[in-house]
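Presented sequentially are two complexes of chain A, the first with chain B as partner and the second with chain C.
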Partner chain A sequence: MQTSPATPDTQADDLRRAAIDKSVKGPVLFLFLNGAFWLMASTILGVLAAVKQFAPDFLGPCSVLQYGRLQPTHVNALVYGWGVQAGLGAMLWIMARRTGQELKSGKSVLMVAAVFWNIALTLGLLGILGGRSTSMEWLEMPTFVWPVMLASFLAFAWPMASMFGRAFRPEGFMVSTWYVLGACFWFPWVFLSANVALHCLPGLGALGAGINAWYVHALILLFFAPVALGASYYFIPKVTGQPIASAQLAKLGFWMLAFLGGWTGMQHYMGGPLPAWMPAVGAASAVLLLIPVGVVGLNHHLTTLGKHSLVATSPTLRFVFFGSLFYPVSGALLALISNFSTGANLQFTQAWYGFQIVAVYGFFSMTLFGAIYYIVPRLSGCEWLSVRLIRNHFWFSVYGIAAIVVTSLVAGVQQGADLNHPEMWDQNFSQLALNLRPYLIARAIAWTLITWSNFWFLVHLMLMVAGLGRRSSAPTLLAHDHEDEALPNAAHA
Partner chain B sequence: MNTDSTDLDRLHAAVRREKADLEPGREPAPLWVMFLFMIIAIVAGGQLGPMTGGWSFSVSNPFSLARHGDPRPGGGAGAGATDPFQTAMKKGSSGYAVCGGCHQGSGTGIPGQYPPLAGSEWVNGGTERLIRVVQHGLVGQVTVAGQNYNFPGGMQPFGAAMSAGDLANVLTYIRNTWGNEGTMITKEMVEKVRKDESARAKQWTQAELESFASANVPGEIPAGPGATVAAEAAPAK
Partner chain C sequence: MTQFRTFILALIASFGLPWLCLVVVPAVKYQALSPLPYDKEADGMDGYYPPVPINRQGQLVYAREGCVQCHTQMIRPTQLALDGWRKGWGQDQEARPAAPVRSNELRDYLGEPYAFLGVQRSGPDLANYGWRAPERAVVHQMLYAPKSQHDWSNMPAFQHLYVERLAQGPVSSKALKLTGKFAPKAGYEVVPTAEAEALVDYLLSLKKDYPVPAKAAVAATPAP
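Here is the complex of A and B:
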């Protein structure tokens, strides 16, 4: 398109898109940059927490630096610091672009909301480190933070919903926008329900644990998954220039995820003191979720068929492509830990952590990195500085996350077999923990690789936000297509 | 001006080189995919079925409706439903590792040094005496199965270092292994002896224990030889 002469028509369109980009620049860059900082913190904490598991004396006896405080801080920083913030940034940009609406007013409200989100998060994470954890998974932060975070989120969800409401919505409009719109509504629903139930209703007993497990699953399936899917459905056609293969499959994938996402979770306590039908329904939904997961995977596959060479060239496509590959992987892992046959073994093992990390890092974050590589040059007015840094980010992330997934799953199989083995019932529990040592060492190494990759990502992003990127009209590509050598400005970045 | 326009070109280059948003295609889903999804749906349905406990809020056992009953040991009704005698034997066999150093794994002891447990009247006799020996230790000349033993220092007291439950399990184990057969010794029995002898600090001697030689600690015997309590009814399937 850039090679065709600029007709007044395309020029007007270019200007309109440039104006939209400009209108969301502040909040989006703020969210991305803060998200990248928290991601850095989370990965460092991930290394420390993994080391603490096989070398408990590491870092000395200070109570702040024990596994029980480092691990929840690591996960919460990843989920709320990086995940939700980066997700909101990408959602806002995609929604504005897809609806063709500028962010008209209330930009300062968004900045204030983003600042309050970060303040609440900082206090919450310090609360965990200071020993005030609520000990509820993914909700460890002290109870005073959640109303602030909810209000901040709603401040972002409102303009997105109203953009959607004002937009002209032709057929085929839904695919990425509906995922983003869904995430705007589902996060407040899931977050509010879980917090009110767990913090405000007395005497829940065992059901509280079930609600907590539901929250973790629902947040992954109804926030992280739709945001990442919205991004991949937007960027894959955008970069390849190939339309999404099937509107029918896209619709099916969306509605089945929307319907099933909220039904799963309680199977985490299968065989536990919950009414038996609750885990059974959760297990059935978790297995059924393989269908929407497979539908999306198939659709992406049909869309990118024959365009795989672009994966080598475009940083955006490369990250989005690999993030999308991890969607079926996380779906399969969810089905494995959730059904009654393999779940009885994998329940309460390292595989559960593996699932969380593959969903939040492997699938969601990798896709979001791709989105950031696409969005930021449009907002900051300069191009990514270094191909080497991007490549570095990609490969260390891919190797790190793959190592975490594989070791967590294998460790989970072994740990579950140990725990369930009839001859192990009177063994020392610490012996079972010692059996996991090699996997935990591998996990620490994997987080170190990811930390390394994210350090350079953070530096790169900071330079871009500061406007110190490359002054050029050519995109930063990882490699040049052979056919495109003559056209360095190839349109896939 | 010229410089301005090139600058604008550069600023908007990223926007200008973008490809247009495209409408999704209309490719229908392949048929084999639909078959695959049916298989997934059948597996998912298998997670419901009998596992739902009849959709009752008061049933938490996922196997309550299973045709072949609960596959877990004890029928899933918790530790109460497992045979307490078998549990004690199993736990006792690992606890015995402490005793085996002297009395040997085969329970035969070492002639002239450590008395045997297999076929010993001390083990098979009154539980009052047996519990006291292990709880507080035994010193001086002892006669076991017709042989005299007098190991310097005697047998150490083990009671202080073991919980009543662990002690009871080990004693049940030695009373029912190597051809021995005796009633179970329960945690409650050990606790009762500990209470009766709470002032005792010294090791016992054979003479002191003569009065307990055939006395049994009163108490219910939940399972195993000479059980006094009827076996619990099997849990409802």
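Here is the complex of A and C:
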């Protein structure tokens, strides 16, 4: 903006953007900051859980710190503490900016909802550690938590839906708002039906386990994926200054995800007690999901074509680009664990954890970090302090997450081979425990790297929210070290 | 505005169909599922399949300690995995049983509010643990100090389910027989709490490979 002469038009645009940013500032920064705190907690718990898995006596026989309680706490903190909160923050900002609507009223309602989300989550996680875990995956928190969380989520979803409704113009195709609105719509539906089925109905036995697996897949595919895709469809064109390559591909990617996402999940219990068609349908749609995943990947690739050098300078693009790269990777991993030939071998192994982490961390979180690097300076009125901290955050996260994905997958192959090897038929699990050990040690190291990166991210974000960032009109870019020179790219407004 | 409505309707339709097919209809139909009587002539036995409800108190302890993170309760069919041929994973404890253990089906978990099929298999499957379980005291010892039985074990020690107390009078008949570094201080004994007893009751009751009544089995297995 600094390079172009300030015509009345662009000035009016700037003012309008500033007004929109100001209207959502409080809730968005609150969500980001709390999310970052939970992310910190989750990664520390991730290190502990990995260590406890190969050294169960580490830190003594304390009941609170046993693997069976630590692991669900780690995953729940990641999913609901960081994932959903950071997601809601980015969704609200993107929706307001993209539809050009200010958050008119009810800002205090949003703050209250966010506070209640965090209170419920804290009680829920303490409940798991204190011995009230339900042992349903991703729903381990005690029963009283979910209605509060659902109400809090709806308090955020409603203003976003009304912004979308007010701004809708028939001629404008807005793929990022589609994804964001989809996430607003799918999360409550999935969350409500899973919780009602598992906590309120008189007991569904093995079908309950199937619905649980469906819930985890639906949350990944119909909440985390749409939020991250909405963000990448918003930020990649914004930073590169190029329009989305193909509206057709974008539409195809969206609708195929919408149609297939709800069918997957039950293949998690392939060969189990569920009626055989349920896992079969799940496996088929998980493999078919490779199409929308590939289509979106292609579209992103075509949009960035020729602008790849910007990855070196823009922190936002670097994180978003890396996160988008992990969308196809998660899709491939899902297909691997879901089809009946490789999936039978990878069933009940580390590969499942690997998929959860690559989807929620590698794909979703990395994209969201990019979004946060873009959004926060516009809300707090100051620029990121240090290029080194951003670089540090990026590289330690990349190495950590790549290590977790690779080791989990290889560990899964090893574990599956150990479980299904004909010569193991009368052996105990000593060989399996021994073979798994190096992978678990690698996982602990990988989480340590990520903890290190997140510690500095949290410190950096806290300084920004406190308004202690750089006072400058130029964004912090990775190529120039703290030079206050204007970026010759109008897209960075 | 009509496009907005079309968009919302398309979202509802695209997600509503799998939601109905995978969650709502099966959940409603599941409510009608009931135990099947055995036929004296065809099955050679009386009673119902599945015979007894599980021990819910023990299952709650199983859930809250997160046993599912490492133990499954699901035998897969032989075309998918070797679970059925594993030694001792079914009723037949012989070294090489004549037939594989049957894979589990929906009715095996009837009466359980939620079936803990499991997340990972870092430890052995427990679907039919009741058949191969050693005597009660040994199961308690495994829970209290897994490494006293296998030095390679990576199972957590659930010492908080047990009480170490001053032995007064003769040693309790329930006290664990621990030796070496796992033994309590002299004059002390380790006894299970009610929760540990419930958990062991539950584990010993895990026998999910009852014979399936001939009627249901014909319907379930495809023609050869």
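One rule holds for everything that comes next: the second predicted complex is superposed on the first by the 470 of 493 C-alpha atoms of A that agree within 3 Å, B and C clash if a C-alpha of one lies under 4 Å from a C-alpha of the other, contacts with A are read in each partner's own complex, and residues count from 1 in each chain.
Following the convention adopted for this analysis, a residue touches a chain if its C-beta (ideal position, glycine included) is under 8 Å from a C-beta of that chain, and two chains touch if they have at least 3 such contacts.
None of the values given here were measured: they were computed from a predicted structure.
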(message) A:L432 in the overlay: touching chain B, chain C, both, or neither? Say first, second, both or neither.
(response) second
(request) Look at A:D57 in the shared chain and tell me whether it touches chain B only, chain C only, both, or neither; answer first, second, both or neither. (result) second
(message) Per the contact definition in the header, classify A:G83: touching chain B only (first), chain C only (second), both, or neither.
(response) neither
(message) Taking the superposition on A as described, I'd like to know which of chain B and chain C A:V287 touches: first, second, both or neither.
(response) first
(message) Applying the document's definition of touch, where does A:G124 land relative to chain B and chain C: first, second, both, or neither?
(response) neither
(message) Per the contact definition in the header, classify A:L298: touching chain B only (first), chain C only (second), both, or neither.
(response) first
(request) Of the two partners chain B and chain C, indicate the one touching more residues belonging to chain A. (result) C
(message) Let me test your reading of the model: by the given contact rule, A:G331 touches which partner, first (chain B), second (chain C), both or neither?
(response) neither
(message) According to the stated criteria, A:A18 is in contact with first (chain B), second (chain C), both, or neither; which is it?
(response) first
(request) Look at A:L207 in the shared chain and tell me whether it touches chain B only, chain C only, both, or neither; answer first, second, both or neither. (result) second
(message) Considering only the contact definition stated at the top, list the common interface residues of chain A for chain B and chain C.
(response) 170, 270-275, 281, 340, 422, 426
(message) Considering only the defined contacts, which chain A positions touch chain C in the complex?
(response) 52-57, 61-63, 66-69, 71-72, 131-137, 140, 164-165, 168, 170, 178, 181-182, 185-186, 189, 193, 197-198, 201-212, 214, 222, 255, 258-259, 261-263, 265-266, 269-275, 278, 281, 340, 344, 347-350, 352-353, 415, 419-422, 424-426, 428-430, 432-434, 436
(message) Help me check something: in the complex, which residues belonging to chain B touch chain A?
(response) 9-30, 33, 36-37, 40-41, 43-45, 47-48, 51-62, 64, 73, 76, 90-91, 94
(request) Would you tell me which residues of chain A are touching chain B in their complex? (result) 1-2, 6, 14-15, 17-18, 21, 98, 170-172, 175, 237-239, 241-250, 252, 267, 270-277, 279-281, 283-288, 290-291, 294-295, 298, 302, 339-340, 377-378, 381, 383, 422, 426, 471-475, 489, 491-493
(message) Which residues of chain C touch chain A once you look at their complex with the stated criterion?
(response) 1, 3-4, 7-8, 10-11, 14-15, 17-19, 21-24, 26-27, 30-31, 62-70, 72, 74, 76-77, 80-82, 85-87, 95, 103-106, 108-124, 146-147, 150, 152-160
